[in-house]
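What follows is a pair of complexes built around chain A, which joins chain B in one and chain C in the other.
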Partner chain A sequence: MPTISFDGQEITFEPGQTIIEAAMASDLYIPHLCWHPDFPPHGSCKLCSVKVNGRICSACTFPAAEGQEVVSSSEEVRQLRLRLTQMLFVEGNHFCPSCEKSGQCELQAMGYYLGMTDNHYPHFFPVRDIDASHPHVLLDRDRCIFCELCVRASRADGKNVFELAGRGIHTRLVVDSPSGKLGDSNLDVNDRAAHICPVGAIVVKETAFRIPIGQRKYDRRTIAEVSVAEEAPLLRKRYEQKED
Partner chain B sequence: MSKKKIRIATTSLAGCFGCHMSFMDIDERLLDLAEIADFDRSPLSDIKHCEQCDIGIVEGGVCNAENVEVLREFRNHCKILVAIGACAINGGIPALRNRCDLGDCLEEAFLTGIGVTDPKVPGDPELPLLLDKVHPVHEVVKIDYSLPGCPPSADTIWAALTALIEGNAPQLPYELIHYD
Partner chain C sequence: MEIDTAESLDAVAAVVDKAVSQHGTRPQHLLAVLRQIQKDCHYLPKQALQSVARRFSLPLARVVGVAEFYGFLHTQPRGEYDIYFSDCVIDVFHDSEALMQRLCHRLRLQPGAVRGDRRVSIDTTSCTGLCDQGPALLVNGWPVPRLTPTLMDAMADHIERRVPVTQWPAEWFLIEDHLCRHDLLLNTPWRPGTGLKNALRQGVGWLLEQLTASGLRGRGGAGFPTARKWQFCRETPGDHYVVCNADEGEPGTFKDRELLKHYADQVFEGMTLAAFVTGARLGFLYLRGEYECLLRPLQAALRQRRCLGLLGRNLCGLMDFHFDIEIVVGAGAYICGEESALLNSIEGLRPHPRNRPPYPVTCGLWNQPTVVNNVESFAAASLIAVHGGEWFAKVGTEKSKGTKLLSISGDCARPGIYEVPFGITVAEVLGLCGSGETLGVQVGGPAGTFVAPSDYQRRIAYEDLGTGGSFMVFGSHRDIIDIATRFAQFFAHESCGFCTPCRVGTSLQLRLMEKIRRGWATAGDIQELESLKQLLEASHCGLGHTAHNPVQHTLAHYPGHYQARLRDLDFSPGFDLDNELETARQLTGRFGDHLRQV
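Let's turn to the complex of A and B:
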């Protein structure tokens, strides 16, 4: 099998795999927020930026190729990811103390993983709409990071409930329903799209704060440990299904 | 001859004093701290203005003109300035008003809100003027280190403080970094 060098370690990959897939298949973590093993890559969060033969590339979209030298865990790359994460924080309204996703949030866990203690940039404090019209699902756009995971998941659900509209700083998450409200859409609480959000933008109602502080997903394990434990098996399953 | 004591100043701007409560939570370690440090301006000492200090600790964000003045005084007098807690770092709960117009906020709080008697927006010249938005402290002055948390735990505060007193940059381990 062909190989790449990943942080100095030789790892094999299957032709057609991206760098993040090759790394994840070897239980090696590359930070990411918009990538998920079950969906096509979106390449928007840029947290998976790595140096490939000296150039910065997104590992979720860049194909692995024989002989590549990939650097993911250098201080330079950590700094880059830290600044990207801080930008995500200041661009929305991320008030962890009052958020029910706290402790289970991938954006927050990314901050912890990168040693982020401040937000560095001036805050935007944008004014965004909250949609509580659905009986079982809350849409809080203040916390949306535009990863499109709900869009891709809803597509896979066969429903297309969510979409990103607008461009640049005016980008917003919109809902496909006559009123534009989630309550008028055909989103079901059991849809994958209702559970895929990495942050607290789409949360299932009446489930908040059930897990005590200290036992939440990222209280004891880093996002790297959780990702390797939970996402790497999904990726392997996908490749096994492909071979069948 | 005994070693010169470290001088520490602390203040709470647009905060709830929760971070100061957490600071108190270092418990008997306060006695160790008192051996090597003196408190300058602080709610603990009731000194009203800073002299030259080694470490300044700022809780809370910036919501009014007085906050700006105090914060600048801390920056001018403290060699190392530490932002402590969610409100200092990102505005926190007080910054939830940033999505509303300030005039609307005052109107609801003092004129039209439920249970308001003798409706009148306070206008005493001694009251500091409110800013139109609540800002994190790093948007006003340079901050050297930040301790996130709502509040940061006593262990977090102690780890950072002891590192700073020893002349090192605080390096918080994973379990001591929390945003909630």
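Let's turn to the complex of A and C:
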């Protein structure tokens, strides 16, 4: 099997795999927010930026190729990912202490993982709409990071409930219904799209604060540990299905 | 158009019907239909979007997502006269801001606003491609160059009297040519079909040989060898497409405007040659929305070619050669100049740039192998098919063959189009256009290179100063910080928002530049500005990768100008405290007097 060098370690990959897939298959974590093993890669959050033969690339979209030298854990790359995470924090309105997603949120866990102690950049304080019209699902746009996982999941659900609209820093998540309200859409609480959000933008109602502090997803494990434990098997399952 | 009553709902339905029957309901017609509705209703009413979604069998949210992306499409009502002033730095330096203020004052509305009676709305837009005869504006899509205060007053009067734009004085809309220097491309006589017939006689192999020998490289700036692009596309199996990128949005460039006006047949023949090589049966010319006024003449040029048997079925009487060209008009989005974003735009999707690899040449329009070339590349290819590769390669440098069209604007005596041989120095170009004392030259638009006088011996060539053709001259009286801030503004405005570093980074960069310009920055802000370079380089596409260039280049060459604006106190606040408190003081009527009473 062909190999790449990943942080100095030789790892094998199957032709057609991206760098993040090759790493995941070897239980090696590359930070990511918009990538999910069940959906087509997107390449928008850029948290998975790695240096490939000296050039910055997105590990989730860049194909692995024989002899590549991939650097993921250097201080330079960590610093880049830290700043990207801080950018995501300041462009939205993220109030972790009062957020029901706290402890289960990938953005928050990423902040901890990268050693983030402040926002570094000035806050943008955008004014964004909250949509509580759906009986079972809440859409809090203040927390959206535009990863489009809900967009992709809803397409997989066969529904197209979510899309992005606007442009640039004014990009916003919109809902496919005549009124634009979630309550008028055909989103069902059991849809994958209602559960895929890595942050607290799309949350299921009446489930908040049920898990005690100490038992939440990222209370005792880092995002890296959770990802390797939960996402790597999903990826392996996908490959097994492919081979069948 | 009001949409509150049943009668007006019918009117909206009629508008959509008309737009759909005129343009069609295939994905590549979505933008045209939305543009048509915008024109007829002065915005995109929700009912219209719903109807469009049904007609195109798309989710409503996806249509909204497309509509909200483009600068010239609006989901809120605009004025019956919808006016956009170009905010390109060159237009601004020719007083466009004062002219806009004057027009707004005359018409009693604020910039960016719609007047209460919905008669008129006035806003800014990125470069309109008229920097050689600016300042310029667009009114209902029609360009008006060479604005003056008198013209503003007359325009206000026409709007108040509700004279239709089609009845405004024709001279207001007159675009001058300013073809100041002719060379290979502009000087060689052209007869429709000569290149194509020659290529058909001598075969695909011969044509590719000639293109290789010519050394022709992509004229959009990236410089990929044209022969290799066509060859790769030919070798990839699939339903091939040919796309002409006429979305020149780089501020300060306007060469395609002239090429499409006077050399359109040559451009179309170049596309047909690409179809001959690749076997494509359909081509698209993606015309930037700002050049909508060229649409009718271009369609006439296409009709003429069909009449001559140079386009359509059985080209040149051949049994198995069919190729036709459709024109897709953009709607105000610089990112569509990025080839994969352009392809998404044609496909009726949000024009986010795609992940690469795969590249368009193997996986382009509708995932089929696609040749995407610049207007100038196609025009050059058709001449090469007539005169051969050597004829073209005798001009230029070793790695940059032929000539380049420069769009020269700014502080010089003779702005216009200059066709120059590759290898010409910046100093020589400045001599041609008659510049005086200069602060520097921006080559290749904001994404290109800021060249300081000490570097004027640098050459226009792929191996030195690569450029799509924008050449902005700044006189020594200009403010470098102001220039860099306006470029930062351009990138923040045009960032598509897909990836984190560009979406947020371009806005942070703009804030920092504004802070410096206003005199509130400290040395730490300069460091912060420099550190954005690495972040922007992690962006998804070329827009983000180059968004730091104007800041980086001006910082390198003019550190003194930046230093002079900084506050030197270590612990000074990064803002004007009194200014920030002003609103609260006005509201409370307390102007700090209470502090003095303590």
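Basically, the second predicted complex is superposed on the first by the 244 of 244 C-alpha atoms of A that agree within 3 Å, B and C clash if a C-alpha of one lies under 4 Å from a C-alpha of the other, contacts with A are read in each partner's own complex, and residues count from 1 in each chain.
Just so it is clear, contacts are C-beta pairs under 8 Å (C-beta built on N, C-alpha and C of every residue); 3 or more make two chains touch, one makes a residue touch a chain.
Computed from a predicted model, the values in this text were never measured in an experiment.
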{"item": "Which superposed partner A:L80 touches (first chain B, second chain C, both, neither)", "value": "second"}
{"item": "Partner chain in contact with A:P122 - chain B first, chain C second, else both or neither", "value": "both"}
{"item": "Touched partner set for A:S49, first chain B, second chain C, both or neither", "value": "second"}
{"item": "Superposition-derived comparison: chain B or chain C, residues of chain A touched", "value": "C"}
{"item": "Which superposed partner A:R210 touches (first chain B, second chain C, both, neither)", "value": "neither"}
{"item": "First (chain B), second (chain C), both or neither touched by A:G111", "value": "first"}
{"item": "Which superposed partner A:P178 touches (first chain B, second chain C, both, neither)", "value": "second"}
{"item": "Which superposed partner A:K242 touches (first chain B, second chain C, both, neither)", "value": "neither"}
{"item": "Set of chain A residues, in rising order, touched by both chain B and chain C", "value": "90, 122"}
{"item": "Complex contact set, residues of chain C against chain A", "value": "46, 50, 59-62, 64-65, 67-70, 333, 350, 355, 357, 492-501, 503-508, 511, 531, 534-535, 537-540"}
{"item": "Complex contact set, residues of chain A against chain C", "value": "41, 43-47, 49, 56, 58, 61, 63, 80, 83-84, 87-88, 90-91, 121-122, 124, 145-146, 160-171, 174-178, 180"}
{"item": "Residues on chain B engaged by chain A in the complex (per definition of touch)", "value": "83, 86, 89-93, 95-96, 98-99, 133, 135-136, 138-139, 143, 145-148, 150, 172, 174-175, 177-180"}
{"item": "Of chain A, residues touching chain B in the complex", "value": "89-90, 93-99, 102-103, 108, 111-113, 115-120, 122-123, 125, 127, 213, 220, 222"}
